[in-house]
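Both complexes shown next keep chain A, but they swap its partner, so chain B is in the first and chain C is in the second.
Showing the complex of A and B:
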């Protein structure tokens, strides 16, 4: 009788222990997730491998630029958000392909493929240690998402055990422009 | 009665055997888990070692590596107006490195996963420009000459025994780092072993 009681108690304790371990184990995506650093627009936010300093943020209904000598104008049913930034790499030559804006609702907007041919786009450049690199990120998103924005930058989208820098962008007080021209040196 | 005793004994033996097997299974479980983790870790460490350069042979003249004798053929610093008239903005400088190799053995596929990079004393590492940009720069600097292949393309067709080849890679670096740079060369199968030459730029 005593042996049976001990056995049942042991099984219950083991089940509770396993249940506790299962519910408190962080998910794989969290264990191997990004190494996060955060800051504000205007300040140089530095991680181990690179830094980002956001300059201007502009919103427009249409963006225009020259590509291979031809004028390009891209309209949006939402708004274009163009962010200028200076990036610095510290350890090794690296690209910065991952840039996302987290909008007011929490939805995430990656860089626009429609505007990938625009000049001075940072995702087409490579950071060289010791050399600052300036350029722009271009996003297309609904206007009501631009009230509160956070820019998230990383070497690749969905980084694993790699640096990811988040920058809270200042509230956009100015009205949305009808047109924003992007030159060879950005905005 | 004798029959009953005999049956009882065989049941007891079967029970004992089952109990032994159960204990053996329980005891062997942690051993097998530890072995599986160990083998996996060993493989991961092996893969990691093939991705890094920690056993670097450094020489000023010639080094044997990957079945060939390697030497630094040429290192050019472009952008300050001394090598050519080209002036690059700010601290930006272009470095062109040529490495010459004479095969002393049959190389075969031994140059796979070739890596060429520049490092400085602070441990910073610069990787080469991509092939398209590198060829464009070669044609800008010398419109007549055919651009030399980089390490990646040369590794697909390495020289035969006693034959030679020259590879060229281009890097963008800050001017302040140029004087202390080393060029590193390594192949996937031989890493973490690598070779390095000081560029000797001023």
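Showing the complex of A and C:
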């Protein structure tokens, strides 16, 4: 009788322990997620492999630039958000392809491929260690998402065990411009 | 060693009976369930052209179809091909930018259709990411052999996707196929200039 009781109690304890371990296992996305660093617009935020310093943020209904000598004007049903930044690489030559703005609703807006032909776009550049690189990121999003914005930058999208820098952007007080022209040196 | 105890024999019989009853009922339930699923084929709802369809990640309204020789970018199709173009309004209702709309629309009457190319009609250029909460007018273009007959009334299947916060393999979040969500019958106009 006693052995039976001990056996049943043992099985129950084992089941509880296993279910506890199962429910508290961190998900795969968290185990292999990015190595996060965060900061504010204006300060140079440094991770082990690269750093980001955000300069200006501008919002416009239309952006204009020259592509292969031809004037391009891109309109949007929302607004264009253009962020100028300085990037530095520390260890080796690297691109910075991943740039996302987390909008006011928490939705994630990747930098726009529509405007990937604009001059001075950072995703077309490569960081060389020791040489600061300046340029712009261009995003397209609904206007009400621009209330609070966080810029998230990484070497590639969805980095796994690689650096990712988040920067809280300052609230936008200026009204949205009708048109923003992007020159060879950005904004 | 003597005769086995009577109680022991009875216990053995009981265990065997429970095992047999369990196994048989499991088999019956599984058989009945699959037979039931065969009996009740999931019916794909018919949707009018122009009506919005929710597919999980996308909200799509297919507006019109046409066949011709000019792509939305203004270029001609490659020689020996014709372009079947579906114009639609497409909105990304997920929480992040995405370009995974390639499997959204399936031509039911065109076997072995190639993957469509999507164009953003605002720029008349190839569509990449669609940003969340920003519906856009887009066109999906299938380049089909010029001699292929495209039915006047095209049957289109809209495929759904479902978000799983933890998938079965890695417990990673992701989007997975969720079967057909709508069927649309769409008249196909022949563009002026016609099919070559």
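One rule holds for everything that comes next: the second predicted complex is superposed on the first by the 187 of 187 C-alpha atoms of A that agree within 3 Å, B and C clash if a C-alpha of one lies under 4 Å from a C-alpha of the other, contacts with A are read in each partner's own complex, and residues count from 1 in each chain.
FYI, a residue touches a chain if its C-beta (ideal position, glycine included) is under 8 Å from a C-beta of that chain, and two chains touch if they have at least 3 such contacts.
In this text the structure is predicted, and so the values were computed from the model without any measurement.
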item	value
Which superposed partner A:75 touches (first chain B, second chain C, both, neither)	second
Touching partner for A:129 - first (chain B), second (chain C), both, neither	first
Partner chain(s) touched by A:91 [first = chain B, second = chain C, both, neither]	first
Partner contacting more residues of chain A (chain B vs chain C)	C
A:108 touches, of chain B and chain C: first, second, both or neither?	second
First (chain B), second (chain C), both or neither touched by A:29	second
List of chain B residues in touch with chain A within their complex	90-92, 123-127, 172-174, 176-177
Complex interface listing, chain C residues touching chain A	95-97, 120, 122-123, 125, 128-129, 131-136, 166, 170-173
Residues on chain A engaged by chain B in the complex (per definition of touch)	90-93, 128-131
Chain C-facing residues of chain A, complex	25, 27-29, 74-78, 100, 105-110, 112-114, 140-142, 145
